Amino acid sequence: MNRIPLRQAARTLRIQILRHNPRDPDSQPRLQTFEIEEADAMTLFIALTEIRERQDPSLQFDFVCRAGICGSCGMIINGRPGLACRTLTRDLPEQITLAPLPAFELIGDLSVNTGKWMRGMSERLETWVHSQNLESLDIDAMEAAMEPELAEQIYELERCIECGCCVAACGTARMREDFVGAVGLNQVTRFRLDPRDERSDAAFYELVGDESGVFGCMTLLGCEDMCPKDLPLATQIAFLRRRMAATT
Amino acid sequence: MQIIYTDVLVIGGGLAGQRAAIGAKRRGHDVIVLSLVPAKRSHSAAAQGGMQASLGNCLGAAGDNEDIHFADTVRGSDWGADQEVVRMFTHTAPKAIRELAAWGVPWNRVARGEREITVDGQRKTISEPDAAHGLITSRNFGGTQKWRACYVSDGTGHAMLYTMSNQAIAANIPVHERMEALALIHADGRCHGAIVRNLMTGELLAYVARATCIATGGFGRIYRVSTNAIINEGMGAAIALETGVATLGNMEAIQFHPTGIFPAGILVTEGCRGDGGLLLDCNEHRFMPDYEPEKKELASRDVVSRRMEEHIGAGHGVKSRFGEHLWLDIRLLGADHINNNLREVKEICQYFLGIDPVRELIPVRPAQHYSMGGVRTNHRGESPQLQGLFAAGEAACWDMHGFNRLGGNSVAETVVAGMIVGDTIADFCDSTAGALQLSSALVQEFGERERRRLAEIANGKGRESAFELARLMQETMTAQVGIFREGERLEQAVASLQELQLRSRNIGLRSSAPGANPELVTAYRVQRMLKLAQCVAYGALQRTESRGAHYRADHPRRDDLNWMRRTLASWPSADARLPVLTYEPLDIMKMELPPGWRGYGARDYIEHPDTGVRQQQVDAIGGGLDRADRHTRQEALMPFRHLLPEHLRNNNERLGEES
Amino acid sequence: MTGKLDRGPARADILQSLSGLLLVLFIWGHMFFESSILLGKDAMYRVTRMFEGEPLFGKPYPLLVSGVAAIIFVLIAVHAVLALRKFPGSHRQYREFNAHMGAMRHPDTTLWYVQVLTGFALFFLASAHLLVVFLQPDNIGPYASSDRIWSGRFWILYALLLVCVHLHAGIGIYRLAMKWGPIPAAGSKVARRRLKLAMWGIIAFFLCLGTASLATYMYIGRDHAPHAGERYLPAHQQALPGNT
């Protein structure tokens, strides 16, 4: 009856972690290997928690929801960015290398300051509905109607969890620190699609019509391929590029 | 120690905190939000299925209004809720959802014409009216008479939190991320802000504020199996408790969600059942109708969770090497529906279970989910004992949930409470009472106290492991203060927790890493969590009745005669071993809806003599006004609008209803 | 918003893509025309004359070829200058990108690096080729080209050029499609897989075609080596008396 996949012999995982504590003047970036016994249905969240509790209590990492919805635990897993909480160790080889997401400020070990980056991105791209009458809304009245399909399309783009995987997966962002990344470009398309946002294409052009915005994207497609939420980033960026190129 | 001054300090960056912050900011006050994590990562994002608001747009919601939402909520609470607050809430919820709609939440909308739905295991075709086309739609949830849970696929909380955070960014509200409040600064019954630890540098700061609002969510992590995010350790409630002045309300009221995936405890939404999903046992038999013929899978969460455990106890659980569980079957909803409206559920099943819910059954078992209790506040969201301290959302016991919360009422509460409390905070700041008056010596004293506490842990030569103590506490709570409670086991739990608490004074650290030091964080948190856990266990031990989610196998009936009262817990001194419990009566004579049967669950309860008297009054008042509109009748039974900020008092417009 | 948008970045991006597209179309056409040698020396001769404008003006003007070479050179220069902006501009950027590519093992990222390398090489290889064409526009023909390739050892240049240009063009056209293409989000994964397949197909096809024609020129060049420098006479002229 039990359908949870079963593994026969437990493996010993060798988890190699890039350690560095910038608060500690003596700390140098180094790789440290931890060995742990693999358990059934073990995720990297479980593995890292166990390492911290049993082997090295100073190990820093970020988990919040541990269910793949909050975007806290982006890290480089065997070379590629991904969400650690929903990465099952059984899908990985015995040798696992973990490193913090590049392109973000390092807090310590696997913990990076994605929050600061994302807030900066939001402020820069003004990722909110711009509307004249938000301050004087009549909230007793019926809500304005919206086509059901349109609402679903907006949600499709709104599913982004700002985990930073697309930024870490982007060769452009790695080379150019001011690049807004797929996360930023996707959010611009989300608000452009939203009829409640009254901004014109020219206004959006002011935000992303340059080399740090949509025209900086070199279409390496790391974002599309590494997005944990499977967002249609390539088509969205292409769409935005066409709109911005046509804006006068 | 750096001191930061602001008008309003909001502790917690989830939906409630950010909405309160926006409200206060709009009234012209400086606000700073503190958050353990980047605000958009708050646990509000995990709310999947929906937000209750009686819009009444889609066919399944037709005829819905505040009155029905009120009755559902009060019944759901097993009459433990403050009915005035429930009224304030149900009245404001439609406004909250409409505000969010204007702010950008892409609520799913009604599409005119025919569509297929699944009800009671059967496919059925319904036709949505033209007039509702494009308005916000809603889905069915447990314990409700109408389809009232407005949703954004099954990422409702995510969409709401992103919109809210973006509006907070637009309003230029600073969120100080990775900051943890360690203590409230207070003197003479007045709160002045908090001593805060920077979780990146380990540095201590003081935030001095005219008003302080706790919006830190729940404390599910005192349990081993919980749907809660791992940051939900209740530190907001704990620092309020540690003032020794503020009280926590109804801490024993803990909700267990029927469908945590097994064994990880990750939530799959009630929307699964609301949309037609079924619960099956080891024989793939649908067992809920056997227990609950009226509401079946859609009775309230406390009832469904108990029935599930009861069924497993009767030997019908599915055996696995992790223990026993039951099945959630959403296959009958069809691939289209699952891919569009339950996609987070699908992802969770894929990633954590390796199954496809379109074709396979989901292993589920009830898991700790929500804390109805929290920082006790009055209807304005202010602590009755500690002036200048406010609380909103799950962290608060505003008390609209009583002893059981309805699905979809939590995200609704966060926003509604945020709207109301944001205003009352602003009122407070505008008043003379809200003036900032404290000595810097007081700030230094509190800062020094926290510095000493941390140093004691860091330099202490204790031998106890913080991680081990946390694990033991969680085991104790899950094993002995779970869904089925019983006097003797609760006594054991109280004793175990006391022992753990003693041991927690003897914690030793292995790591002295500069910066946040995660081991130190666990150490000081577990000391506080043990106090919360004790409030839960001790409160549960004392409450010798069964009400809502609090079920005592040795006292299986609801006892209105003796227990129509709210538990208030306070922690008298730092070295106390138990909380002091006092009780606040709920006055049946003022209730709009006097106690009765909930419409599901157990039918017998011990009645209070006031119930009959009040029921007669209610009937008489209602009878005398049978020609008046429902608002007038309601007003005659239990006026509440005067409790709301003025701009929230008007009637809500609805399809086919005169406003 | 006022109408004072800086259209520069948009124009630059369009121009880079457009110049690339034109160059790709050119090189593909070029391949078909040069591989006319596979159909025989006469076929190639006719194609040469056609481009020298003979059908239009009655007699060949090799200067036209120089003109085309100049235009292509300008296109390449524009394309290169615009593309150069995207290349790693400092040692730090280069190191970052290399580390990134090595760790990610992500095909499209690696392909971009292939484009950087081939693009860099092309700037020299293609320029060299264009310079020859520009300076000696009359030196194109079944024997003239073959002699240059074999006796002049140009086959080394052309072999390198062939590989570089088709990798660069094939990858470029795929990237162009992903960059601008109005692909509906719903079927985007499938569309991309197909585009990728088409890209490899096109690259393989042109590499085969190019290799075959280069080999043919080399054979002709080897056979003709003793008479290197002598021009080819089409079959109908060879038959005339006095042309020995």
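For clarity, chains are labelled A, B and C in written order, and residue numbers in each chain start from 1.
What we mean here is this: a contact is a pair of C-beta atoms (placed from the backbone, for glycine too) under 8 Å apart; a residue touches a chain by one contact, two chains touch by 3 or more.
Treat the numbers as computed from the prediction; the structure is a model and nothing was measured.
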Both-way neighbours, i.e. chains that touch chain B and touch chain A: none
Middle chain, criterion being Cα centroid separation: A
Inter-centroid spacing, chain B versus chain A (mean Cα positions, whole Å): 27
Chain B and chain C: spacing of chain centres that average the CA atoms, whole Å: 66
Inter-centroid spacing, chain C versus chain A (mean Cα positions, whole Å): 39
Of all residues in chain A, those that touch chain B in their complex: 1-6, 21-24, 40-41, 43, 52-53, 56-60, 62-72, 86, 88, 107-108, 113-116, 118-119, 122-123, 126-129, 131, 134-135, 137, 139-148, 151-152, 154-155, 158-159, 161-162, 191, 194, 196-197
Chain A contact footprint on chain B (complex, rising order): 26, 37-43, 45-46, 55, 95-99, 101-104, 106-111, 133-137, 152-153, 155, 158-159, 162-163, 165-167, 169-170, 175, 177-178, 200-202, 229-231, 263-264, 266-267, 282, 318-322, 340, 344, 347-348, 351-355, 360-361, 363, 467, 509-511, 513-519, 522, 650-655, 659
Residues of chain A that touch chain C when the two form their complex: 76, 79-80, 102, 156, 169, 171-172, 174-176, 200, 202-203, 205-206, 209-211, 213, 215, 217-222, 225-226, 232, 234-236, 238-239, 241-242, 244-245, 247-248
Chain C to chain A touching residues, read off their complex: 1, 3, 5-7, 9-10, 12-14, 85-86, 88-89, 93, 96-97, 100-106, 108-109, 112, 175, 178-185, 188, 192
